[in-house]
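Take a look at the following structure, please.
Chain IDs A, B, C and D follow the sequence of writing; residue 1 opens each chain.
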Amino acid sequence: MTESAIREAIFKGLKKIAPEVNPGDLAPGENLREALDIDSFDFLNLLIGFHDSLGVDIPESDYGKLTTLDAMVSYLSQRVT
Amino acid sequence: MTTQPDVQSVASTSDYHAVKLLRQMLRIRRFEEKCAELYTAMKIRGFLHLYVGEEAVAVGVLEALRPEDAVVATYREHGHALARGVSARSIMAEMYGKLEGCSRGRGGSMHLFDAKTRFYGGNAIVAGGLPIAVGLALADKMRGEHRVTSCFFGDGAVAEGEFHECMNLAALWKLPVLFVCENNLYAMGTRIDLAQSETDLAKKAASYAMQSIAVDGMDVLAIETAAGKAAAAVRAGEGPVFLECRTYRFRAHSMYDPELYRSESEVAEWKKRDPIPALAASLKTANLAAMEQEIASEIQDAIAFAESGSLEPVEDLERFVYSERRKA
Amino acid sequence: MSTITYRDAMREAIRDALHRDERVFLMGEDVGRYGGCFAVSKGLLDEFGPERIRDTPMSESAFVGAGIGAALGGMRPIVEIMTVNFSLLALDQIMNNAATFLHMSGGQFNVPLVIRMATGGGRQVAAQHSHSLEGWYAHIPGIRILAPATHEDARGMLWTALEDPDPVLIFEHSGLYNKKGELPPDAGPVDIDRARIHRKGRDITLIAYGAGLWQALDAAETLAHNSIECEVIDLRTLRPLDDATFFESIARTHRAVVIDEGWRSGSLSAEICARIQEKAFYELDAPVQRVCSAEAPAPYAKHLEEASLPSAQKIVAAVEGIIHPNG
Amino acid sequence: MAEYTMPSLGADMEEGTVIEWNIKPGDHVRRGDIIGVVRTEKADVDMEVWEDAVVDRILAKPGETLPVGAVLAIFRGETEAKQPAPPPSEAKPAAPEEVEHIHASPLAQRIAKELGLDLNRIHGTGPHGAITQADVENAAKAGEKPAPEKAPPTAAAEAGLPERTAADVQAGMRRAIAAAMARSNREIPHYYLETRINMDRALRFLEAENQKRSVHDRLLIAVVLIKAVAKALNEVPELNGYWKDDRLQPQESIHIGLAISLRQGGLVIPAIHDADTKSLDELMQAMSDLITRARTGRLRTSELTDGTITITHLGDLGVETVYGVIYPPQVALIGFGRIIDSPWAENGMLGIRPVLTATIAGDHRATDGHRGAQFLTTLNRLLQEPEKL
């Protein structure tokens, strides 16, 4: 799966929990939870979205590796089959 | 105190003066007849009480008063207003409900008002005007004014409590009121002997320790003389005077009255003593035809004035419920 | 400040008016030698003489009508009708002449007359002497109706009323004459157009006049103990009604009780409730309640009379019923 | 039942031919919707529906020519579909013709209209169950969102007033929350207590539990906290109830209100009913259902007004300590901050532990600090044995 496809999936997930936000304007290194005002419930839904769309299962211990857009892209691209 | 009419008409009144009285009575008569006609043509509405037959009283009494005096009348008041100097135009316009009426079209036939001539209106409550007259006289007395307040009412008012209260108060405080009772023998449809235990009203009034005179209500000269003497006494501070004018109305009480309570013959009998022809007969020099013409044109002019009058704007409905400037 | 009775305040008002304007005079039954049925005019005969302090025969229609005539004639009469109960004999003069002359004459004749009368019950004088009919008179366009409840108003309303070109009726609740109160020595004329908020409160508005004001203030005192803050309004003028003041108050409190010693049906309180639902409907969080007299002729027996008249306790109950509807 | 007849679409039109329908039985239609096309002499014309309704039956088949006034379809009243409980079954009895009158004070009606709240969904506590100002404010505060699109038009729409913008809803909600908060501060003498809880055991328990579950059923720490609060309330019941008519009224059932913030601002506090009897999984399911429906405005009034205590979990968004304002008539509010690795001394040794600051705001009329402290210590103890929750 190409990197842009993964980025697309991430945007789609973010749009679902924060409809009024335009993921495009996110700076790659920005902390997602603060930028998008996402609480743990939103974040869980995001992960459920990735699990359904990308088939990736993210354990709680890895939450720390998903703080920014870039981190998320690289994390998912390593695990997407 | 006397009981029958004892005042003789003064034969030597100059013809000129008599013609003036005649003209005034005729003017009232024709005005009232035209009102009856206009009422049937639905130009005048509401209640209308005509003075035909009693003209001598208003003309005789008002001739004896002065401009500074006051007049308080009843709902049968066209004659008094005309004799007092309220214009035929403003009276007709008032009955047409026009803004140019003497009460802005708000009073109608029963409530004519005119500040210039101190004409304190018709009052539609029987004897309702008596306390007002007493008050006006009280004010004059307290302010040292040598003025007369004339108060007109009918034999019907004599049965009202206010009559007795006012006669007593006026006599008690020696107030300058000329009480003029137009006794036309009927309180609407009730003959006087069915309403009064004592039908000699002058005698009744005398019991209030007040000068009390009766006079032939069909003799304008006699009335003028009697009223003159009475007004002089009142003006001199001798206290109130009661003047009973025994008169008769030739037409119904008002426009709705079928006159079941009196006979044709009685009316016919009284018509023989109609004050207008009686006076005219004694005045060979009077040019009746010219007088009639002048009066007719005055009335026609009054009607035209009324017809062309304007209606008070509805927005003004609540004006004068209270005064428009707060300080009296 | 000097402590005087309501009666003294009204007497002072009359004396002051008589001194200010020689057109002013007092007329009524037993106002002179007797000193006034409620002793309001005591001493005035000696000071001003029988011309200006005029005892009248028992002829209410005549002397009230004479008052109207004298006003038309340029005087400034103060007519005292002993109590509102006897004013019924002069109602025709008041309604058909005093209230009507200016309008019916097309603005020609003013009637600058003041009529004072005692009103209200509560002294076991039974049905014919205990009426509270200011609400009736407040129904008549063309006259002003005042209800001085405080000493300041008893002292100050008369002169303003005398200066008014239209007839003014002043209703003095008979239960107030002996009430003591404070009055500054220089107390003088007061406004007669506005109601007055006597006590600020946020929870409910109590609308009262005359003796009802003091009952409302007592009730407010009691209710304050269980943290219900009442805003108490003294109407002062019953016609024209200063409804803006109570609309504004209700816009803050959203609840109201009207206290009126008249009989409930067709009373002044009914008019006030009608205006509130017309103009302040969307401010209401509960129906407006009324505390009025029972609809029966005033009984002689004390316990019956108390049961029939408005009281602070009844006001408290009405307020509780609104604030805690489900008990 | 309302009949939809062949519309007269021109002074001289006597009949028309149904060309097509774009509705089917059971559809909800709104005033102004186009429900089909009819052919007249002059042209094919849209058929418009004049009020909200539900399609009951279609009588005229496409191609049929019928005179003006002939019955083409039958509608049933909108109100029928509104009954919350019974599933709308096909064999519906005739819908009650007019909407039953709602007893609400004029002021309540006004505020409800301003906030775009549907009075049908507000529980009245006034006389004879009438809805009062307080009821509406509580409902607004509890997040009764403006009636969603499909619901009958708001009173404003019916009265021809301009439709309420999001800003209006926002302003209205802000006003309602402000009113409730002001009243709370004015009436409730608060006391505040705070304690720091070592969450190490609870987090490890949570992680172990989540490993047994798919991401769909994953539990959040919040549900552990909710369960702990519920259990602690069993031991300190005075904190679970209302202050009404000048006395504490403890409640048997424990409905825990969750302060949920909405993305576009504003706050709603739906309650999880009987939190003490629910398992962690049931709590997770209930919480996610409430948060989802809160954020899409489909909460039921009853859920919004019967919380017996409230938890605010702003720690989730990075704040360490949270002091809340109690929501009248409740008598306590629990605040959870963020779990932060902090220095922690344990039997003489200093280490790093995930520490959570828990606070309680109590109504001093109902309970004193002693009860609050007892609650926090119990909470702490329960969180040290998470497996027993």
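A few remarks follow.
Quick note on the criterion: contacts are C-beta pairs under 8 Å (C-beta built on N, C-alpha and C of every residue); 3 or more make two chains touch, one makes a residue touch a chain.
No experiment lies behind these values; they were computed from the predicted model shown.
By count of C-beta pairs in contact, B-C exceeds the other of the chain pairs A-D and B-C. Relative to the whole-protein C-alpha centroid, the nearest chain centroid is that of C. The distance from the centre of chain A to the centre of chain B, each centre being the mean of the chain's C-alpha atoms, comes to 106 Å. Distance between chain centres (mean CA atoms), chain A to chain D: 28 Å. Note on chain placement: the centre of chain B and the centre of chain C lie 40 Å apart, centres being C-alpha means.
Chain B and chain D have Cα centroids separated by 83 Å.
For chain C, the set of residues that touch two or more other chains is empty.
Shared interface positions of chain B, defined as residues touching 2 or more other chains, are absent. In chain A, no residue touches at least two other chains. Taken together, the touching pairs link the chains end to end in a line with two free ends.
Inter-chain contacts occur between A-D, B-C, C-D.
The part of chain C that touches chain B in the complex is made up of residues 25, 51, 54, 56-57, 59, 61-77, 92-93, 96-97, 101-110, 112, 141-142, 144, 163-166.
Across the interface of their complex, chain C is touched by residues 105-110, 125-127, 132-133, 245-246 of chain D. Remark: chain D residues 206-207, 210-211, 214-216, 218, 220-222, 263-264, 287-288, 291, 316-318 touch chain A in the complex.
On the side of chain B, the complex with chain C involves touching residues 70, 101-107, 111, 113-115, 120-121, 123-125, 128, 130-140, 142-143, 149, 161-162, 165-166, 168-169, 172-173, 318-328.
Chain A contributes residues 18-20, 34, 37, 39-41, 44, 47-48, 51, 57-61 to its touches with chain D in the complex.
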